[in-house]
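Before anything else, here is the set of structures, which you'll find just below.
In the two complexes below, chain A is the common chain; its partner is chain B in one and chain C in the other.
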Partner chain A sequence: MTRELSYVGKPIPRADAIDKVTGSASYTHDLCLPGMLHTALVLSPHASARIVAIDSQNAEALPGVRAVLTGRGLCYQLGLYMQDKCILARDVVRYQGEAVVAIAADTLDIAKAACQLVEVQYDLLPTVLDPREAMDASAHLVHPDLHTYEHMEGVFFPKAHTNIAHHQKIRKGSFDQAFEGADSTLTASFYNPPVQHVPMETHVSVAQALPGKRMEIWTSSQSPYTVRHLMSVCFDLPHAHVRVHVPYVGGGFGGKAGLGLEPLAYVLSRAAGGRPVKVAATREQEFNTLPSRQGLHSTIEIGASRDGKIVALKSTYVWDAGAYADYGVNIGRAAAYSGAGPYSIDNCWIDSFVVYTNKIFGTAYRGFGHLEILWGIERAMDLMARRLGMDPAEFRRRNLLKDGDTTITGEAFTSGHGNPLQCLESVAEAIDWGTPSEPSVDSYKVRGKGLAMLHKAPAMPTYTSCAVVIKLDEDGGGDILVSGVDYGQGTYTVLRQIAAEELRIPIEKIHITWECDTAFSPYDWQTVASRFAYMGGNAVIQAAADCLEQIRSVASQALNVAPEDLDFEDGVVFPKSDPTRGIPYSKLTLGYTFANGNSIGGPIIGHGRFIAKGLTHLDPETGQGLPAQYWTYGAHAVEIEVDTQTGEIEILNIVTALDAGKVLNPKLCIGQVVGGVVQGLGSALWEGFVFDAKGRFLNAGFVDYKIPTAKDIPRHMQQILLENPQPGGPYGARGVAEHPMISVPSAIGNALYDALGIEFNTLPLNYERILTRIKEKVEPS
Partner chain B sequence: MRSLFCFSGFKFVRFQRGFIVLGDFEYKRIRSIDEGCHCLAEAAGKAAVLAGGTDLLVEIRNHLKSPKVLIDCKNVDALKQVHVDRSGSAIGASVPLNRLIENRAFHTTYPALATALLSIGTYQLRSRATLAGNICNASPAADSAPVLLVLDASVEVVGIRGPRSIPIRDFFVGVKKTVLTPDEIVVSIQIPQRADLHTTFLKQQRIRGHDLAVVNMAGAYSPGERILRLAIGSCAPTPVLLEPIKVDVGNVASFAGHVAEIVLSSVSPISDVRASSGYRNAILPVLVKRILHNLLAEGGAS
Partner chain C sequence: MHTIRFTVNGHVEQATVPATMTLLDLLRDRLALTGTKEGCGIGECGACTVLLNGNPITSCLMLAVEADGSDIETIEGEAIGGELSVLQQAFIDEGATQCGFCTPGMIMSARGLLNRIPDPSHEEIIEAIAGNLCRCTGYEAIISAIQLAAARLSQDIGSRDAQEGRAR
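Right after this comes the complex of A and B.
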C-alpha cells in the first residue's frame, strides 16, 4: 500500500508570502554597504560605430568621482557558451544603448553629472539590422573576429567571417523526396519581434574587490554558481575567492540567467580602491542596455498526405541575436531539436541560424525560443489542416507523438513522456471545440476559437547538476541549503513540501533562507529551464534519505533495535514492532545522550545530489542524439472576440492543459499557469521592440512598451493539470514553469483566422495590425 | 526610509531603501496664492509649479525640464477646495483625481469627466495627479481636455497683475504649451453645470490597462437645442474643439458620416510609436459613431 501524502500535492501557501506582502523581503536594490559607490553609464547613441576617442578628463576631475572606466582598459571577453562580449564596448559599439563608459561616484547624482562631462567621438560604421540580410556574404560583420572567440566546442558552430554565431542542423529521413511526393504542401513565413522580460526588479549588482585577489558580489541573479564560475575564469581567480550572494530576486524570467552587471561592478570596485560599487539598471537601461528575447524569422514547409499525415517538415529559423549571442546560440540549438513541434515526423530538415545584428542582444526568456518557433509551427499546422480540408484538432490528432514514435533527434517517445493527445483533447473539450462561437451581442464584433499545442524540454548541458544539504536542527526541524534561486516561481515552497514528506516532519519545521551564498550553499548549475523542482526535488529526496539513515543508525543503538526494524512518522523514529517506544528526532539531531550521560552520533547533515542522466551532444551534421532530460507537453484553446471597427481583441476564455506528471503544489502550479498565460498574452497582443532605420530603439520604457496589466487579464481562464507520471521525476513530476507562456500567441492567431478569415503571421497582434488587415480584406488596395 | 540589519556571513550588511535626487533646484512650499505669484515672477520663467508632480517629476528626471525653483502649491488652502453644485463647480488646482472620482456629487454631475479621469494613469498615480496638472501639462492626449472643452470649462488663474478667467478653449496653444504667463498660477477649474447636457467620453488605447490615448474624444449633446459639441484629443498639437453642430436626428447614420467628415478635416494626426496616422484616422469615425450612438440614444429617450 502506498503511503498517503501529507504535503506533496497539497496547496501549501508560498513560504515567501509574508516577507513579500509585508515588505520585509530585501533585494539587491535595497543593499547599501558602508562606503558604497554608485554607478552611471554613458551609452552609445549609435547602433554601429567605431569609438575614435573618449575624453573623460572633466568627469575624472569632478569631486566625488572615484572611478571612470572605458572598454579600452578592460581586455576581457566573457560568456557562458560563446565568449563574445566585453564588459564595456571596446573600439566599436554594436548597438544603440551599449555601455561605453562607466563612472562610479559617491552618489548617483555625481556619477550622472560626471557622465554628462564625458565626450565620446564616434565614426559611424555600416549598420545591419535584419538578420536575414546579415547572413549575406556582403553584410557588415558585427564581429569580424568571430573565428577567434572561445566557445563551447562540439556544441556550437560559429561560422568564421560571417554574422552566423551558430548553425544547428537537424536531419532525419529524406525531406526533399518526401516533400515532393506529398499530396499537399505548404510554405509559410512568420515573424516574432524582440521583446523584454520586464522583471519588477531591474538588473542590479554590488561588488567589492577585496585584498588577496578575492571578491564579494551581491546580485539579482538566477545563477549564483554560474556567476561565480564565469567571474573566476574571467579574472583568473580561484573559485573560492569569488563569493556570490543572491538575496530575494524580484523576477528574472531568464533575463538574469547568465552574467549581467557583476563584472562591471567588480572592475569599478577594483578601480576605486576596493570600495563596494553598486551598478543598478534604470528601467530604460533594462530595455535598452540589458538583454532581451531574440527576434525570429521562421519559414515552415510542410508536406502532408491526403489523409492528414505529415510526411515532411522543414523549418528555417533565423534568430536575431542582436549584438551578442552568448545565450542566443543555445536558444538556436534548443529551437532546432524542438523545431518540429510535438509531432511524429519521419522526414525532417531544420536549420537554425543565430545571427548577429546591430541591435540590443538576446538572452534566455521564459520558453527559451519555443514561444517563437511554435508561433510559426502551430500557425502552419492550422494552415495545412485547412489546405487539406481537415479540422485543425483532427489534423493534430493524426500527427501527435505517441508511444513507439521517435522524435526528430531519434529519441524514442514512450508513455513516460506524458500525453500530448490528452492535453489536446482536454482543451478541445473545455472550449467546446467543433461548436461555433455564439454570435456577439454587438453586430460589429466577431468571435472565433483556436487551439495550439506546445512542448519544451530543459535546454541544458549534458552534465547539469545540483546538490542539496539538509541540516537538522535541535528542535527536530531542518534547514535546506540550495543555491538554485526561488525568484518568484515557488520552488522553495515545493522543496519544503518534499523535505517534510520525506523526513516525515511537519512542514512548519522545514526552512529555506532566501539568500544563496556560494560560501555556504551547495552547487547548482543555474535556475533556468524549468528544471529546479525536478533536479532540486530529486536531490532533496536523496538528502532527506541521507538524514533518515543517520537517524536510523543512532536510533538503532539508542533503542537497541536493528536498523531495518525502525520506521519514521511525525518527527519520531520508532520500532515497527512497538511504535510507543519512539524517540523524537529532536533527541537525535545533535547526537543521542543516554541516561548515564554517554553520547553517540553527532549533528545530522544530509547530502543529496542529482546530475542529468543519459544526455548526449547532438551530432553536428544531423542533430541526432538525446538532448532532453524530459519533455513537457501541453495545449491551449482560446475563444476571442474581435472588434472589427477598432481591431481590439478580447479573450473570452483561455483554457490550458499541461501534463505536469505530478502536481507538487496545485496552488503554485495554477499560479504559474495563470502568470505564464498572461505573459504569453503580452507577446501575442502587445509586446515588441520598435527600431528606427538607424537602429535606435524607440519604445524603451513603459510609456510605449505595453505589458498586460491586471485589467488585461482575461475574465475566464481555465487550467487543466494532467498527471501522467515522469519516470525519474520527484513523485513523478516534470517541469511546467515556462510552458504556460508558449503557444499562447499561436492559439490566438488561429482563433483570429476562425473569427476573421485572415491569416496573421507577424506578432504582436496589436489592434492596429488587426484593423489594418481587416481593412485590406474589406477594401483590397 | 526603512532599514534593517541582516547577518550575512562574517559582516553586517545594511539594507536600505534607495532614493534618487532629481536635480539641482530650490524647493519652495507656498502658503498663499500671492506668495506663489511672487515666487513665480521672481524666478522669471525658471520656476515650475508642483501639484501632483506625476508629469513634472518624470520630466525633471529625464532632463526634459530643469526648473531652478519648484513651487509646491499643495499647501495652499484655496487650491484644495472642491465645490460641486447646481450653479457650477470649482475644482481646486491641487485636488488629486481620486478625490474627484470618489466624490459622488462630482461623479453624478460630470459622469463623462469622471470616466476620463478614471482613464488617466493608474490608481496610485491618480492619488497624486490633479485636474489642473493634466491641463497645465498640455499634452495633446490629455484625457480631461476633451470633456472640459465640450463642457465649456474655464481656468481661473492669478498672476501679479491679478486674477483672470481663461476659457479652456483658449488655454492650449501647442504641444505642452499654454497661454499662462510665467507669473500665473492656476487656482481652479470652473465647470458650468448644465443639467440638460448629455455627455460622453471615449478613449482608444493600446491595452485595457493604463495607457495614453491613441485617440480620445468627448461629446456633449443638448436635446433641447439639438446641438452637439465634440472635442478630440491626440490628433493635433492641441486638443481640438469643433464648432457646435446642429444635430439631424432624422438620419443618424448619415449624420454620423457628416460629423466624421468634419472631425477628419479638423484634425491632423501624426504617426508615432503609439499608432500610425492611418490608424488614428480610422478610429476617429468609429468614435464619432459610438459617441453619437451613446448621446442620441440617451438624448432621444429624454
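Right after this comes the complex of A and C.
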C-alpha cells in the first residue's frame, strides 16, 4: 500500500524566508569581528607582464596598515582539479585585474589609500587572447610550467609545453566513414563570450589565523568542506585545524564553488599577527578579478540520412579558460561527455580543449558548460533540419535518446533516465508548434517561434559523497545537520520535507540551521551540479530510518512489544495491534524512563550517507565509461517579437518542460525554473565580456554589463514539470536547479531565424548584432 | 566631522560623521542595521535601498550628512514588534525570496511604491523595482508578492499596516 505523502510534493514555504524578509539573515558580507581588518587590492593593469619590482614601503608606513603582501613570499599552488593558481600573482601577471598586492588595514579607507602608494613595475610580455590561436605551437605560453602542475591524475590530461590544460576525447563508432556516407552534411561554428555569474553578494571571506597552527574561516561559499580540505592541504594543517563557517550566502551560481578569497584572507591574517581579516570583492573586482564563465568556440559537424536520422556528429570545443583552469578542465570534460546533446548518435567524435589565454579565468557557472555547448548543438539541429527540409521538432523527434539506445559514452539509456521526447512534445504543444505566429500589431515588428532541447548530468568525481545527521530533540522534533549550502535553491526546505515525511512528525518540528560549520556539520563534497537534493535527500532518508530504528528498539522494550510490531505516525510510536498504547517520541528522544525510575536508551542521533554509485573514469582515448549519476532532460519553446527598427527582442512566451522525476516542492521548483530561464535570457540577449586588443576588460561593472531587470522578463512564462521517476532518487527525484538556464539562448536563436530568416551563431543576441544583420540583409554590402 | 540628527525606524539618532561617509555605511557600520545590503556601491543594483522621508533612495549614493534632519526607514523597521508586515508576508507566501540578498532593498522599493500608490498596476510595480537587481528569482514572484500585498491591504483596511498608516 502506498502511503499518502504529507509533505513531499507540497508547496511548503521556505524556512529561511522570515530571516530574509526581515533583514535579519546574516551574510558573511555583514560579519564584523572584534579587531577585524579590511582589505584592498592592487590589480594588474596588464593582461600579460612580468612583475619587475614592487615598492610598497610607503604603503607599509601608512598608519593603520597591518599587513602588505605580494605574491613573492606566497609559494603556494592552489586548485581542486588543477593546481595552477597562486594566492597573489607571482613573478608574472596573466590577466588584467589579477591581484598583485593585498593590504589589510584598520579600515577599508586606509587600505585603499595604502594601495595608492604602491608602485609596481612591469615588463610587458606577449599576450594571447584567442584560445584558438593559443593552441598554436608558437603561441605565448600562459603557463610555461604546466607540465609540473599537480592535477587529478587519470581524469585530466594537460599537454606539456602548450596552452592546453585539458583535452577530453569522445570516440564512438567511425565518424569519418559515416559522415562521408551521409546524404546531407552540415558544418557550422558558434561562439559564446565569457559572462559573469553576478551573485548579488560579491565574494567575501573572513579568516583568522589562530595559535597552534589553526584557522577559522567565515565565507560566502558553496563548498565548506572543499574549502577546508584545500586550505588544509595548501597550508599543511590537520583538517580539523581548519574550521569553516558558511552563513547565509547571497547567491553563487557556481562562482562560489571551490576556493575563492579564503587563502588570501588567511595569509593576511597570519601576516597581521592573527587579527581577523575580511576580504570583500568590490563589484568591479567581482567582474575582473574573480572568475567568470568560460568563453567557447564550437564547431559542429552533422551528417544525416535523407529521412532525418543523424548518422554522424562531430563537435570541437575550444574553451577560453582564461588565465587559470582549475575548474575549466572539468567543464571541458563534462562538455565532452554531454557533447552531442540528448540524441542517439552511433558515430560520434568529440574533442574538447581547455585552453589558457590572458583573460579573466573561468569557473563553474549554472549549467557547467551546457548552455554553451547546447548553443551550438541546438542551433545546428535547426540548421540541419532545414537542410533536410524537415520540421525542427520532427528532426529532433527522430533522434532523441529512447529506451534501448546508448549514449556517446556507452551508457545504456533506459526509461529511468526520464523522457526527453515527452519534454519536447510538451513544449511544442504548449507553444502551438506548427502554427505560425500571429502578426504583430506593429508593422515593423516580426514574430517567430523556436525550440531547443537540453540535458545535463552532475559533473562530479566518482567518489562524491555526503552525510547527514539528525538529532532528535526533547520535544520530539529533529535538527538536521548538513554542510551542503542552501544559497537560495531551497534545498534545506526540501530536506525538511523529506525528514518530516520519513520521521512521521509535523514539519514545523524539523529544523535546519542556516550556518554550516565544519566543526559540527558532517561532510558534504560541495553544493554544485544540481546534486544536493538528490544526494542529501537520500542521506536524510537513511538518517531518518536510523532514528526510527533507535526509537523502535527503545519503544519495543518500553512497551514489551516485538520491534517489528511497532509503527510510527504523527510523532508517536505504537503497537500495530493497539495504537492507543503509543508513546510520543518526546518521551524517547533522550531515553525512556520506566515508572520506577529505571531508564533505557539515550539521546537519539541518526546518521545517513550517500556516495555516488557506479561512476567510472572515462577512457582517456575514447571517453567511454559512466560519468553520470543521473541525467535531467528538458526543453524550451519560445515565441519572440523582433523590432526591426532597433533590433530589440521581446519574449512573448517561453515554455519550459523538465523531467524532474518527482517534484519535491512545486513552489520552490518553479522558482528555480523561472529564475533560471531569466538568467538564461541574460546570456541570450545581453551578457558578454568585451576586451580590447590588449586584453583589457571593457565592461566590468553594472553600468556597461547589463543583467535582466524586472523590465526585461518575458510576457508569459510557463513551466511543465514531468515526473518520470529516477530510480535511486529520493522519492524518484532528480536535480533540476541548473537546467532551466540551459538552451534558453538556443531556443531564442532558433526563433530569430523563424522571425527574420537570418542565422545567428554568436551570443549575445543584442540589439546591435541583430540590427546590423537586419541592415545587411536589406542592403547587402 | 559633522554632527547630524535624524530618525531611523522612528528612533531619534545622532552621529558625528566625516563628510565622505555614505548613508549606507552609517546605517551598516555605525548603527549596525546590516539588513540594508551593498551590492555595487555605485547605485546600480538597489540592494541598499531605504526610504528617505517615505521615498526609496539608494543609500550608497547619499552622503550621511545629507540625511541630516530626515526620516529614514530600513528593512529592520518593516516588521513591528516581531509581527511581519503584509508586504513581508506576501514575499514569503509568493516565494519571492531565494538567496535573499536583494530582498531588503526590494521590499523597501515596494514599500515606497505602496506608500505612493496603494493599488499599483503591473507596469507601476515593474517600474518601481526596475532599479533593484535580483539574480535568483526572475522577478515574477516578486511582482506577484507586491500585487498580493496590495490586494490584501485593500481588502483589509483594519490591518496593522493600515493602522500604522503605512499604505496611504
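The working rule: the second predicted complex is superposed on the first by the 781 of 781 C-alpha atoms of A that agree within 3 Å, B and C clash if a C-alpha of one lies under 4 Å from a C-alpha of the other, contacts with A are read in each partner's own complex, and residues count from 1 in each chain.
In this section, contacts are C-beta pairs under 8 Å (C-beta built on N, C-alpha and C of every residue); 3 or more make two chains touch, one makes a residue touch a chain.
If you're wondering where the values come from, they're calculated on a predicted model, not measured in any experiment.
By the touch criterion stated above, A:Pro126 is placed in contact with neither chain B nor chain C. Partner contacting the larger number of chain A residues, of chain B and chain C: C. Of the two partner chains placed around the shared chain by superposition, chain B and chain C are both touched by A:Lys711. Look at A:Lys667: by the touch rule set out above, it reaches chain C but stays clear of chain B. By the document's definition of touching, neither partner reaches A:Pro238: not chain B, not chain C.
Of the two partner chains, chain B and chain C are each touched by A:Ser26. With both structures placed on the common chain, the touch criterion links A:Gly614 to neither chain B nor chain C.
After overlaying the two complexes on the shared chain, residue contacts for A:Val703 are found with chain B and with chain C alike.
Of the two partner chains placed by superposition, only chain C is touched by A:Gln679; chain B is not. On chain A, the patch touched by chain B and the patch touched by chain C overlap at residues 23-24, 26, 29-30, 32, 703, 708-711. Across the interface of their complex, chain A is touched by residues 2-4, 6, 8-9, 13-18, 20-21, 204, 206-212, 273-276, 278-279, 282-283, 286, 289 of chain B. Within the complex formed with chain B, the chain A residues making contact are 23-24, 26, 29-34, 107-109, 218, 243, 245, 280, 515, 517, 519-520, 645-646, 685-686, 690, 698-699, 703-704, 706, 708-712, 766-768, 771-772, 775. Across the complex, chain A meets chain C through its residues 13-14, 16-27, 29-30, 32, 197-202, 248-253, 282-283, 487-490, 667-668, 670-671, 674-679, 701-703, 707-711, 713, 717. Those residues of chain C lying in contact with chain A across their complex are 28-29, 33-42, 44-45, 47, 74-76, 78-79, 84, 88, 91-93, 95, 97-104, 107, 125-127, 129-143.
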